[in-house]
Every structure is written in structure tokens, then in C-alpha cells.
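Two complexes, one shared chain (chain A), two partners (chain B, chain C).
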Partner chain A sequence: MTYRNRIQTSVELIGAYILAGFWILPLLYAFWAAFHSSSDAMHFDIFSPLTLDNFREAWSQAPFARFSLNTFLLVSFILPGQLLISTLAAYAFVRFKFTGANVAFALVLVQLMITPEILIVQNYVTLSKLSLVDTISGMGLPYIASAFCIFLLRQAFKSIPKELEDAAELEGCGTMSILWKVYVPLATPTYIAFSLVSVSHHWNNFLWPLIISNSVETRPLTVGLGIFAAPESGVEWSILSAATLMSVAPLLIAFLIFQKQFVQSFMQAGIK
Partner chain B sequence: MSAIEVKNLSRNYGDIDAVKDVSFTVPEKSFTVLLGPSGCGKSTILKMLSGLEQVSHGTINIGGSDVTEIEASKRGVSMVFQSYALFPHLNVKENIQFGLKVRKVPAEEREKKVKDAANVVGLTDLLDRKPANLSGGQRQRVALARSIVSEQSVCLMDEPLSNLDSKLRAEMRDEIRDLQKRLGLTVVYVTHDQVEAMSMADQIILLKLGEIVQVGAPEEIYNSPNSVFSAQFIGLPPMNVMNLNDIDISTLDSKIKPALESSIIKNIGIRPEHLLFSKKGLPVTVKSIDYFGGETVFKLTHQEKDFFLREPRQPKIQLGDKLFVSWNLDDMYLFDKNNQRLKS
Partner chain C sequence: MKDSTRNIQGWLLFTPAAILLLAFTHYPTITTFFQSLYTNKSILRPRRFSGVEAYESMFSDPIFWKVFVNNMWLALGTIPTSIGIAILMALIVNKAIPGRGFLRMAYFTPTMLPMIAVANIWLFFYAPDIGLIDKVLEIFGFEGNNWLGDPSTVLPSIIVMTVWKEAGLFMVFYLAGLQTISPELEEASKLEGSSRWNYFWRIQFPLLLPTTLFVLINAFLNSFKLVDHLFVLTKGGPDNASNLILYYIYETAFSFLDISYASALTIFLLALLALTALAQFFFLDRRTHYR
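Up next, the complex of A and B:
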């Protein structure tokens, strides 16, 4: 029995390694191509000379500094907005009994099922009426009331025992200070988990920023990268790889540093 | 002067009356226990005293002023919760000073108060720990310290010992009682455990289905219960209550027989320690024997009804023995058809 178990475990392990290998291949190739000249990138010769020219080239062809700043501004506009709005909404759903609470929550759940892509045209129309086309806030606004975040926080808040709230109330906490001193700190794992998902999603988001942004001043990294991939000019794989690496580097480094916390916070937040 | 005065207090949830027209007073610096089986409304009463639960009817007076409509934090009460309600993200010190911070007590004063409170409950070495790294008894102490530090004269406790093992429970019982005396607190304590009530209370308020059954000192309720319910709820094993139809009256002692002649008597009650093995009397069979060292409890049957006899010695009696029991006239309680006590 234990022998069979061991075989099963090793088969599963080998399978996992193979899958992981396939998954990381594109990234490995990007690394390879970024540090070699265009011709060497296609020949996998271990001894071909390393070069940083591609990075220099990519950097000079497009305003990457500006794109990075735009992406950073976008993410740091969306995330705090999402956390603020969702915290207040989730708190209202958990703590207050108001007429239509169930209908309102059902609407939030329905929103979870709608992919944002369906709404692209409608969102564009709305934002142009607000004269927010080609602005960072326009790019972030459609995502700011995240149903996913409201849902996650509501679940986290619901699991907080009523007695803690009673104790805080008895000590003189008001409604907002109970939220701030009891609910928010106790839901920290959920906040971290959601923040990671949100940041990586919006860092990588392409379609909506492509549509809403028209100028260098607002274009985020993903859209800027699109220039390199434009097929009519012929794809320069080495330069494209270098540019891609520059775009994903912040996230990649952050993930490597925080991978333990990343996994843990997901376990604690109950999403697997 | 009474610290708490409750008048005609009621609480209903829709059609269900959790608490029905309850009135009582709690003397200052006394230890009052709200005792009753689960669902008797004792926790609801405590929550209403604290202000965490709305009052349907009636008034609550704490320290001479009507607080019925006043919010929880302004009533001058502190509370110890059944689950202790410690904040898991804060360490012991921060838990204790939580309320002081909310009330914006200056840092120096806060420091001193926390130190004093931690000292009183013996937590001085554990101030930096998180609640998750404390034992049940230590958590209980943190909850007590948090209540002490608030310096409210009234402390409400909701089954604070129910999550502890029996040895620790006995220890904490003494400690809480001792604290109450030392700090001169007025304590209202909710429990379903009659041992806790008997050993700690100055006054027991016995509740059943949202109504008060009896109020009195522990010995008063034990020695003169006003109904079958109080007689059986207090004492372990409970008082033997026998329907007169179920026993063979002709076998009883000639001194007892005349006392049972009145037609309004429905049940008689005798405490297990007042039943005596004797040469003649009620014929019984020994059904089980529980030996506790200091005492032995016999379960006896008479005409298929079970009752208990408690003996401080260890008589040579075997299972299945057929014996006789009797009792003194003074030790017999009489109850009418509504299970109310008849005073002789």
C-alpha cells in the first residue's frame, strides 16, 4: 500500500514538474532572447555572446519610463479606490439591516458574472460623456467598484464573531471605529490576497487601456509594448523580449520576494 | 443602595417572549448570579443590562439613573464574554488598553493602569503575547484585566468559565470571587452551572422560560425551594421528588403519615442526603452505586421510580440488595399540584 502510494506521489510530482516546465518556457525564452542579438536568439548556442543592446534599443524606441509611470499611477489609483469602496459596501452588507439588502447583494453577485469586455463600448460612451477619455482616471474608473472585492470582504467580515464587535461597542467604539479597529485588521489576509490579484490584473490589463488611451501621456506598459509587436513592421523578437522583461520585472521581482506571503494569504482568505 | 434595579423587564422577538416581566435588584458590591437552563433568557437579560440588546418593555436603573435608552458605552458597565472576545490581532497589553485608547486616556496613565490590572490578574510576564499563544485560563485573565482596567463599578459576566476544564474552572471561580471582593465590584454573572452559582453567589436569581422562579441567597434556595423546579435545579444529585401515587404510603413511618393526609399535597421532596437506610420504611432495590471517595451515591428504585440517596460513609451494600429507607419529618418538602411548595 505504501509502495503504491509512493509511486502515485512520484507520478504526480513528475507531472507537476512537466507542467511547470511548460508554463515557464515562454518566460525562459524571453530571458534568452532579451540577452542575445536577433540572430543568436534563434540559435540556441550556449556560447553565443550576451548583450544588453536590446534593452538599450527598446528603451530608446519607446518612452518606457513614461509607460511605467502610467501603469504605476493606474494601479495606485484603482487599488485604494477598490479597497475603500468595497470595505464600506461589505461592512454595510454585513452589519446593517436595510430594505433591499438582499437585492443589492444579488446585483453585486450578478456583476461578478459579467466580463468587463462586454461593456467596453458602453463604458467608452459613458467616459466620453464625462470627458475622461485618454486619462488615467478614466482608465481606472470602470474597475473601481469591484464586485469580487465586495464579495471577498463580506465573507471575511461575516466570519468575525459578534462578541468582538460587542466588546468594542461596550468600550465606546462608534460604527466607523468598529470598522477600522476590529473589522479591517481582522480581514488583513483578505486585503492582501485581493491586492495581489488586483495589482497583477491591472498591471497586465491590455484591451481596455488600449481603447481608452490615445497618447503617450496615458498609455500604460502593456499598450506601449503593443508597438513592438505590430506585425506589419516585422516582429523583432529580441527587442520585444527585452521590452517585455522590463514591463513585467517589477511584478516578477515582487512575486519572488513575497511568494511565501502570497501563497499564505490565499490560504487564509479561503480561495484555493 | 442597590447598584442595579430592573423593573418589569421584557424582551420579545416577534411572537416569542425571551424575557417576561422580570423585576429584581442587585445590591451594591454584591455577587449576583442569573441561573437557569439554556433558553431561560439569562443571557438576554445580561445583554439588556449591558445595552447591547434592545429592551421591549420595562426599565433598567444602574447606579441611580435610568439607563434603559442609554448606549452601551455610557452605562458604566464592563463585560466579560463567554468566548472572552479578545482581539486576535492585538497582543495582551493592547487588548487590555483597547478601551482606554478609545477613550483617549493619556499614554502615561494608560501604561500605569494596564500594569496595575495585569498585576492583579497575574499577567505581567505575558503582556507581549498574542491571544492565540495563551492558554484558556490566561485568555480568561486577559478578559478580566480588560474589564478591571475600565474601572466601571458594575461588571457583567456571561458564562465566563464554560470553556475551561473542570480543575481550572474551580481555580478561576475562587479568583473571580476574590477579585470581586477586593475591588468592591458589583457583579452580575450568568451561568447554567448550579455549582458555580452555589459557590460564588451572594444572591441567586433562578430563571425558567424567561421568568423568575426564585430569588435568594444560595442556602436559602437550597434549604427552602419554593417549587419543584428550584428544588431540582439546585443540588447534585437533585432533590428526589416523588408523586404520592407512586409510593406505598402504608409502609411509611407513623410520624410522617399524618403529614401527608391533606388532599392538596401532590408531590413530596427529600434531598438525597436526608434519605436514610433503616430497618423499616419504604422498600427499595439498589440499582447502581457511585463511589466518590468522600461520599457514595446510591440509585434506588421503588415501584419502578428511581431516586438518589447520598451517604458520607461507605456502607456494605451490594447491587440488587433489597432494603428500606426512611427520613425525618423536618426534612420532607411538600408540593401542590402546580409544583409549588406548601409551607407547613
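Up next, the complex of A and C:
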């Protein structure tokens, strides 16, 4: 490596870390502020004493344990529902090529652009007719049939060699056991990729849950946090940092541990 | 397999998805359209057919134009910048440099946070006088500003925050794109003695065009779908300076209870998104022809 190259490389490296600094510092600051009193946090007194008061205070001001449970329930209602319904639909498209399948698939794809976020008004009307307002199932229902999931699984199923299916048929496997024993196992990477993207999306979703929930029993973390943080509630900054940290901790910790899988899943879901 | 069995089994398997999609995508789209053609029902008056009245009042509503223009500025302000930063990030992380794992994590982490949490964090940076930005400005002897309270700075402030939040996600798509470029191309260009800059503009950037198109359209759609931060930061204010279409729909329907007008606004937004999605379909189709 020449002298000039070496300088260039180190300049690039410094640039890369400065950029990373800009991206990570806001988070580190919120993390630091959550462990310090509000007045210390505002004066940027770096070596001021650590405290857990903010967490205690946030915990007592709003039922974050309940919000976490609600988010957990919401995600564990949506994801298995999406996987089940989309698996059946994708299987129908790939293996059965039924009459009208092309039109049906086009109608599925409509949901890729008209996402449930936009139809908030009418979906609220529908759910109130079904008396599902302020329930976790009502919050999850519009998302259960996911065009994105059907699309991804259809792509994955299409790449499965026909010979495997024929072999399974010869072995005496029925329709459902071919799905279960041949298709599903071979599409595992797609299932993992979609699951991670779906969980992060619904863990973080806000607008629709805000509209459909109106009690502590159903509000997920994002909505609880949003109400907690609303300008009119006038919470202290450090307490707000602590509350924010508590809300994002589960997903963030999962992300930090399984970083590679998360990044790859987003990559995979984006390419297809 | 017999045709009839194939049809019956296929439709049976598709039915659960079909019912849910019809109930929560197609049916509400149609009812939204019809709602927009009728006046609101009240205790005093039953609803009546009003034709395109709601659309007429939409096009003469200054707030509608304001939120629409805001949305366009938001798209224009966030998309090119975040694409530029995302490409830079992807180029950095794609090379074997020390601390690559850490850098990738740093760039991507904001993507994993809910917009509400991001808004909470940035709220403090933008706070007048006590906020981080004003404090830093003070050190250098500059005047502070009420960033979110000033109509001329509120949208740029939100744009900066959105770029911070979204660049990491786009980086991932570019990373995927870069990995499909054969390493031989880089070696060849090195042998030819061409500069890195040249290699990027002549080889990498053109080969990444499909990725750029994909990111462009998705970022555009996102800028209309994501309004969560407004609930914490500004509530669309001051004087609608940061208001966006979807937030205006939310306000119209759930605060002003004007379902008819909210439906007309929704139809407008749907038409806009449909046009964009069709453009995507058209371009992506062309892309497959090239291959």
C-alpha cells in the first residue's frame, strides 16, 4: 500500500466512525439521561451520580408492565395468524393454480399499496360493528391477511422442485402433509425473514393501535408511551428517557443479540 | 389431480385470506369512496347524496393544500439525502474495515426504534434554550431557536430526524445490491488504474439503479404513511406548518368527526399511492426486460 493510499484509508475510516457517532449518540444520550436526574441531564454533567429514580417514577406513573404485555399479546396474535393464513394462500397459488388464481393474486397485491394504515376511518367503523373496538384482536385483525407475506411465501414455494412434491405424493402424502412436510420446511428462511420484519413492524406500530384502543387493558407500548410523552402531560425529560428506554428495550436487546439475522431478514424481504 | 378437486382445494385454501383481505382492504376502500359522496349523518339531518361536494371543498381548503405541499417537501427533503447517506453507509460497511460489525449496528439501530421513541429522543434536542442543539449553538455564540415552534424550521427539523431514522434501512437494501456486483469488476477497474470515484460512478452506481428505484418508491410511500412523530412533537403545528395528509385525515375523522371529508381526503391519498405503485410496477417490469 502506498503512503497516499494509507492516508486515504485512514481518512475514510475516521469519516465512517464520525457518521456512526452521529447515528449512535442520540441513543447513547437518551440512555445516559435515563440514569441521571433531570437537572443533571440538562446541564450535561457527565459525572453526576447515577440514579434509578427515573425508571421507578416512569413505572409508577404509567402501567408499562401492562403495556408490554399488550404489545406481546398483539404481536403473538398477528404473527402466527399471518403465517398460517398466508401459508395456505401461497400454497393455493403455487400448487393448485385454481380458476381465477391470477385475478385473485392481483387482488391480494392491492394490499401492498393500500395498507391498513390508510383505511383507518372505515376499518374503525367495521370493527365497531363487530364490537371489536378496544380489543387486542380488533387491533390485530386488519393485519392478519398480509399481501407481503403471501407474496414472499409464494416466491419461496415456487422455487421448490416439483420432484420433491411428486416423491412425497408417491410416498402417500396427502395435500396437507405435502404442505407441512415439503413446502414449509424448505421455506424456513423466508418464514424467519418475514417473522423478524413483521415483529419489528408491529412492535413499533402506533397510529392504528392508538385509534382502536382506549383503555389501559389494550394499549400497546407505543401508544402508552405516546400518551405518556404527549406535550400536554408535561413529563420531565429524564423520566421520559427512562420510559422510552423501557419501551424499546425488548426489541432492541433482541436486535443487538441477533443483529445479523435481523439485517439479513430486512435485506431478503427487500430484494423480493 | 382432477380439475374440480384442484379448484375446490385451491379456493378453500385461499378463502381465509380472501375474506380478511376483502373485509379490511377492498370493502373499506369502496365504502370510503361512497362515504365521500354523501354528507355526514347527524341527529338533526339524515345523510344525503352530495356528489363531488366534498372534493370541491377539499380543493378549496387551504389546509389541504398546505398538508399536501408539506408532504411533498418532506419527501423531497428526506429521500435524496437519506439515499445519499445510505449509499455511503453501504459502501463503508461492504468493505473489510476494522469494526465493521459495530458500524453496521450503529447505522441500523435507529431503524429498529418506533417513531414515537425517536420523537421522544429528538424532542429534547429541539427544545428551545435547554435543548441539546441550542446548548451547542450557545457555546459557539449563536442564538438559539424554538425549532419545533417556529413554522419556518419545524419541517426541516422533522426532515433531519426522519433521515436519521430511515437511512439505516435503505443502507440494508444497498448492501444487498452491492453484494450482487461481481468483485471481478472492481479488480478489473483497479488494473485499469481507474480511481475509486470513477469506479463508483461508472460501475457501482449504474448497477445499483434498480435498488435506487425500489428505495425511491418505498421511501415516497413511507413519507405518506408515517405520521406517528407528529403526535409527540408538534400535533401538526404551529399553524399546520408540520401537518401531513394522514395526520389531517386522522384529525378530520377522529377530532372533528367529519367522516365525509375524511373519506374524500383518504381517496385522494389512495389515488396518489396507487399512481406511485403503478409507476413502480411499470419500472420494475422494464427492469426485468433488461435482464
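Definition applied: the second predicted complex is superposed on the first by the 239 of 272 C-alpha atoms of A that agree within 3 Å, B and C clash if a C-alpha of one lies under 4 Å from a C-alpha of the other, contacts with A are read in each partner's own complex, and residues count from 1 in each chain.
As a convention for this text, contacts are C-beta pairs under 8 Å (C-beta built on N, C-alpha and C of every residue); 3 or more make two chains touch, one makes a residue touch a chain.
Quick caveat, the model's predicted, so the values are computed rather than measured.
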| query | Clash or fit: how do chain B and chain C relate after the overlay on chain A? | reply | fit
| query | Of chain B and chain C, which one contacts the greater number of residues in chain A? | reply | C
| query | Which partner does A:Val133 reach: the first (chain B), the second (chain C), both, or neither? | reply | neither
| note | Here the angle between the directions from the C-alpha centre of chain A to those of chain B and chain C, rounded in steps of 10 degrees, is 100
| Once the shared chain is lined up, is A:Cys173 touching chain B (first), chain C (second), both, or neither of them? | first
| Just chain B (first), just chain C (second), both, or neither: which does A:Val197 touch? | neither
| query | Now for A:Leu73: first (chain B), second (chain C), both, or neither, which partner does it touch? | reply | neither
| request: With the two complexes superposed on chain A, say which partner A:Ala145 touches: chain B (first), chain C (second), both, or neither. | output: second
| task | Look at the superposition and give the distance in whole angstrom between the closest pair of CA atoms, one from chain B and one from chain C. | result | 8
| Can you list the residues of chain A that meet both chain B and chain C? | none
| said: Help me check something: in the complex, which residues belonging to chain A touch chain B? | reply: 161, 163-164, 166-173, 177, 181-182, 185-186, 188
| request: Enumerate the contact residues on chain A facing chain C in the complex. | output: 12-13, 16-17, 19-24, 26-27, 29-30, 33, 42, 44, 85-86, 88-89, 91-93, 95-99, 101, 104, 107-108, 110-126, 141-142, 144-145, 147, 150, 175, 200, 203-207, 210-211, 221-222, 225-226, 229-231, 237, 240-241, 243-244, 247-248, 251-252, 255-256, 259, 262-263, 266-268, 270-271
| field | Touch list for chain C against partner chain A, complex | value | 6-7, 9-14, 16-21, 23-29, 31-32, 35, 85, 88-89, 92, 97-99, 101-117, 119-125, 127, 130, 132, 135, 164, 167-169, 172-173, 175-176, 214, 221, 225, 227-228, 231-232, 235, 246, 249-250, 253-254, 259, 262-263, 266, 269-270, 273-274, 276-277
| message | Considering only the defined contacts, which chain B positions touch chain A in the complex? | response | 50-52, 72-74, 77-79, 81-83, 85, 87-89, 98-99, 102-103, 146, 150
